[in-house]
Each structure stands twice: as structure tokens, then as C-alpha cells.
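For clarity, chains are labelled A, B, C and D in written order, and residue numbers in each chain start from 1.
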Amino acid sequence: MYKDSIVLLEGAIDEIKLKLDLIRKNKIIKNERDPISYITSRIKTEESMKQKLMRKNIPINLDNALNKVYDAAGIRIICSYVDDVFEMANILKQYDDMEVIKEKDYIKNPKSNGYRSYHLILKVPVNIERNVKKVYVEVQIRTIAMDFWASLEHEMKYKKNIKSQEMIVNELKRCADESATMDIDMMSIRKMIDEYD
Amino acid sequence: MYKDSIVLLEGAIDEIKLKLDLIRKNKIIKNERDPISYITSRIKTEESMKQKLMRKNIPINLDNALNKVYDAAGIRIICSYVDDVFEMANILKQYDDMEVIKEKDYIKNPKSNGYRSYHLILKVPVNIERNVKKVYVEVQIRTIAMDFWASLEHEMKYKKNIKSQEMIVNELKRCADESATMDIDMMSIRKMIDEYD
Amino acid sequence: MYKDSIVLLEGAIDEIKLKLDLIRKNKIIKNERDPISYITSRIKTEESMKQKLMRKNIPINLDNALNKVYDAAGIRIICSYVDDVFEMANILKQYDDMEVIKEKDYIKNPKSNGYRSYHLILKVPVNIERNVKKVYVEVQIRTIAMDFWASLEHEMKYKKNIKSQEMIVNELKRCADESATMDIDMMSIRKMIDEYD
Amino acid sequence: MYKDSIVLLEGAIDEIKLKLDLIRKNKIIKNERDPISYITSRIKTEESMKQKLMRKNIPINLDNALNKVYDAAGIRIICSYVDDVFEMANILKQYDDMEVIKEKDYIKNPKSNGYRSYHLILKVPVNIERNVKKVYVEVQIRTIAMDFWASLEHEMKYKKNIKSQEMIVNELKRCADESATMDIDMMSIRKMIDEYD
């Protein structure tokens, strides 16, 4: 089951990467700034896919893996500036061949721990020979600073003896605010620079 | 003009490469033989694109470069065995989102100099943000032996003082026949081996 | 001249990248944290190589391009945390087959505009068949935050009408301090997290 | 044990690939023909490494895996023409930092089944931080035709019920001779073409 789904999930990721690649090249030949700093992607492991289905009390099979798990395929788009994040979200929402299933703006409304990011669930058609399947992909769009913070916060989740450490949680929250301020400051400076020839 | 066309031509090549990649991965997870040995691609240079338009007495601009030149974007699919070449041609002709514009089977009907290959001109949709353009791609499908022969024959074309050398031309023709025989022999042996567990 | 130097300069960059790659893989199999976030590299363009030699009143030829220009080949190592920057600098300084020519710690002593980074000039042996040439490579090691700041400051340098804009310069300086603080804060949190199982 | 050896084995392969890459680039800037068509590489699996040590009655550990197995790391260099194969072998034997441990010319002296290829066992220094280890790499150099034949012969070995099939063995032997003739013919034609401007 997992092997079959992998081909489809990777195919869906590659479809979006191809679109992103064309967006970037097109900006560059028009002498516009590349809004993307870099892109990463991942497929959920077999183990964590099964656990997700089990938690939801859904039978474990290929169709359910593809139809009931929205984040089996994930793409992360890292932008330099906050306005680039929103621009990329808008561009991705406009394609005729992809459907927007869900949308969450954790930048205007950060999570309580300080997490910021723009999330989209897209439904992407994948062609294999004569078959077309629709596959869900979770796209997370964020700045470099948001991504760095998220990677640190993520590390904390892997430590089992750390849960009650209020100090770390508070420090992380404070750093999230600090980093949000810096994102705004850097963007403001860039906008000032942009006004000159 | 050239820079704008490059993004579209590369986009079209990438669309087909993505399809080929999915075909191969899908074969592999099904424990079938990968019919493709390797893939190469190229974009016509600006100079040779202009010359082609000039030879045809067509004004040099982006639309003509995209609509009147069929081989501005080229993909070459190298297969191990002759039957894989025909299988790949059949698969590529079946996609609903690509149109077959032209088709030449230089394997059943080799050129007089000995050239063998299967040629397809496909019309491929390329999405850039909200715009969709149709772009021509020439796909050449051949065996390793056909490809090796073609690369040697190609080298001869670059020598200006060589034209009248009948001996080389004859030797090349003889080698083309030799290599066609070997392609059949190797495929026959593979088919014999395939019958065993 | 330029083409010949390119092979050597790229060779020197690839030698260092191979070393960095082995360092990372070795950390990962030992279950240690990968100190490197990502690596970029560039070769100086022919134009800017010539200008540098001209400014120094040195004849333009291959030997001078390789012997008098220290930053013709450049590698940038981006680390997540400040302590990783110093660790990477220490590791790179210990190889028997590379010589440290120059060393600048702009992290302990930032430039007046706010620029922070650790710079090394290394002399690297490059083997081409039986020939060995020593080639200089400038290695810049910095955190993600230092790199982001530097890319914004760099953009300002390309604007010719911007020079007197004291406000932007002051804002950039303030952001550099802000980002240095964040680098320390993030590292402190990581160290707190590291203490737990 | 296996994980540790992997880093060293991959490092040794990468060292040789870097050398090959520089040889090719250097040929190209000198407007000489690239002698290499393409390169592949592989690391022996843990299972087959253990079996090899067991067959030799040698204790299974990292040192033995690195010191007693000569083909744990393998590189295959595929050339277009037979003379390129010998040129590449000569170049690789001349490096001061690599030692030639073994050398087999199965082109002048093909195996009885028809196998042709040039084999080298090289001892390659791999630097990880301050440590230098010497690692064996088996290099197989062959033409496209030799490689294609070998891949078909290899497929036969995986079929357990095929052993007594004399006809296939004979056909393979005949094809090996045929393909050796073609290698010579193609090289002869190339040499004739090379004589012209």
C-alpha cells in the first residue's frame, strides 16, 4: 500500500515544484525579485501514516491514505520576506488545475505557542500513463525566521522529559515575538531600498 | 524574445520529464523492468532558432519561435531494447493533456544513411501562474545502439571538408545495419531470459 | 585565461564541499546534530576578476588570477546556531592538506555597518591528471540570521542613488544588533532543550 | 559497523568522481573530446558485505569490511570508444595520492563467457576531520556496448532455473563477439572522421 501511494504523493509534490520553478524563472527573466528563498518537501513515513489512520479509526488502505490524510505529502516554501509569503499563497490559489481544500493564516493569527506560517491544502491531479488521480498536498509558506523558530520548537517536541518546562516555553514564545518584529523590520528596510534606482 | 521562450520551452520539457519519471517509478514498484535507460534534453540556441525562422522566411518573434519551430525543445529517451522504444512511444501518445502533432517511425523505415529512431512532436500545456501556453516538444526515442550510431554520424556533419568521403558514409551505413542486427539479437536473448523464474 | 582558471576554481570548491559533506554524514551517523544548514558557492565573473587585478595594478593572466586574487572562489556555509559557526571554522582549520592563509572573526568584531561573519582564506590543492595546483578559496561561515541581513545590506550597495540615505543605514545597523541578539537567544533556548533526553 | 563504513566508502567514491569531473572539464575547455559517456557507482549492501566476509572466513567488523573486501565501493566509467577506456585507465593509474592494488585487462583477455572490461582496484585516502583512512575502490572501465552486454548477462545470473540453458549462454557469447567487432568498427570510423577539419 505504502509503495503505491509514494509514487502518487511524490508525483503531486513534483507537480507543484514544477509550477514553483516556472514562477521563479519567469520572475527572474522579468528582472523581478525571486520571492522564494528555498523549497523543501517530505512524504509522511509509512509508520506515521498508519498511526494517523488508526487515530481517526479509519481502515488502513491505499484509498484512505490518499483521501483521508491531508498532509501525507508536504511542501515547505521558505521566503525571505513576509509580503512574499502572501504573494506566493495568492499565486498558488489561482491555478485552474489545483483545488484549494483548506487555508489557514497563522501569520495574521499565530498559534498560542508563537507558531507563524501560511498553510494551504491543495488537491493536485497526478497523471500516470492513462490514469489521473487527485492527491492532497499540504503547502506551508513561511519566512526564513518563521522556519528557524519552527525547527527549534519542533526539537522540543521530541524530548519526553521536557513537558513541564515553562521557562523554555516562555522563552520560545518571547523569541517568536522578537522574530515577528524582525520580519517586519527587514521588510520595511527592503521596501525603503526598493524605492531607489 | 529568446529569454521568454526559454522559460516556456524548459517548462514543456519538465512537464514531459515529470511524466516519464512517474512512469518509471510506477514500473519499479510493480517489479516491472524500467524501459528507460536514460533521458537527455536540450533547448535550441538563440542563433539556430533565428536561422530556422529565417530559412522559412518567417518574422523572428516569440510567437513564431513557439508556433512555427517544432524542435525548439527536444527530449531524447534512450531505451535498452527495441520493444521498449515502441512501448514508450505508445505510452506518450495516450496522455489526454498532450496532443500528438507528428509521428515518424525511422525504425521500421530507416533513413537512407542508416539513421534509426522513433520521433514524436507533442503539444504540451505549460502553466505559468494564470497563463497556459501550448508548447511543441520533439521527442526522439531510440535504443542505446541507435543513439551511439547517431552521435558518430552527427560528428561527421560538423566536418566541412569531409562531404565527398564516400568510404566513411558507406562504413557508417554498414555499421548502422550491424547495430540494428545487434539490437534484435540482444532483445531476443532478453526475451529468452525473461521466460525463466 | 578565464576558462582555464574556472576548472581549477571549481575544483577547489568541490574539494572543500566534499570535506563538508563527509563531516555532515559522519555527524549524522553518530546521531550528532548537523551543524550546517546549507552551503552555497560562486566563482567570481571574468569581468570582476579583471577589475580586481586592474585595481591592484597587476597584469591580467592566469597565474595572477590564481595567485593574487584570494576570493575568486567563494564558499558560504550557513549554520543554524552561532556555536556551530565557530565549530565549523575550527574543523576547517585542522586539515593537513589545506593551509589557512587568512582569518577574520567579524562575529566577535562586527564591521561598523553591522556585518557579522567568520571568514577564512584557505589554500587548497587541486589535482588534474598529473598536475597539482594550489588554489585560494574564501570561506564565509555565518548563521541564517547573519546571512539574511547580509543579503539585504548587499541589495543596498547596488542602488547608486541611495548612498546618503542615513536612515536606511541606521535601520540596517539597528537590525544587525537585533538579529545578533536573536542569534544568542535561539542558541540559549537550544542549549536548554539539549539538556533533556 | 555498516553505517560507519558507508561514510568512508561513499567518501572514496566521491574522491574519484571529483577527479573524473576535473579530467572531463579540463578536456572540454581544451576543445578535446570528453572520453567519458557517463559514470555510475554503488556501495555493496550490508548483506552482501557480510556474506563476502563469511565466505572468506573473516570476522565481521569495520576494519575487515574496509581492509579485506576490495569491491565494497564500486565505480563504473562508461566510455564511447575502446581507446577512451585505455586512456582513462592510464590517467587513473598516474595519481600520486592513489595506489593501484590490482589491475585486470578483460578487453585484451575477455572472460570465457565473453565479458569484456578494464578493472582497477585503487586505494584512496579519505579525510574526515583530522582522520585519514585508506579505502579500496573497484573501478570498472568499459564501452557502452560492453556495459549493455554485461547488464544482459547479469540478468541471467538472477534466474535460478536457467543454469543449464546452453543456447542462451552460446547466444550471449556470440553477441559479445559481435559487440566487440562493432566497438572496433565504430572506433575506426571515428578515427577516419577525426582526420578531417
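Following the convention adopted for this analysis, contacts are C-beta pairs under 8 Å (C-beta built on N, C-alpha and C of every residue); 3 or more make two chains touch, one makes a residue touch a chain.
None of the values given here were measured: they were computed from a predicted structure.
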{"item": "If a chain touches chain C and chain D alike, it appears here", "value": "none"}
{"item": "Centroid comparison with chain D (C-alpha atoms), farthest chain", "value": "A"}
{"item": "Distance from the mean Cα position of chain D to that of chain A, given in whole angstrom", "value": "43"}
{"item": "Mean-CA-position distance for chain B and chain A (Å)", "value": "37"}
{"item": "Rounded Å distance between chain A and chain C, as computed from the means of their C-alpha atoms", "value": "29"}
{"item": "Sequence positions of chain A contacting 2 or more other chains", "value": "none"}
{"item": "Touch-based graph of the chains, sorted into line, ring, star, complete or other", "value": "ring"}
{"item": "Touch relationships between chains, expressed as pairs", "value": "A-B, A-C, B-D, C-D"}
{"item": "Complex interface listing, chain B residues touching chain A", "value": "3-4, 6-7, 10-11, 14-15, 18-19, 21-23, 25-26, 29, 91, 94-97, 126-130, 132"}
{"item": "Chain B-touching residues of chain D, taken from the complex the two chains share", "value": "38, 80, 144-145, 148-149, 151-152, 155-156, 159-162, 165, 167-168, 171-172, 174-175, 178-179, 181-182, 185-186, 188-190, 192-193, 196-197"}
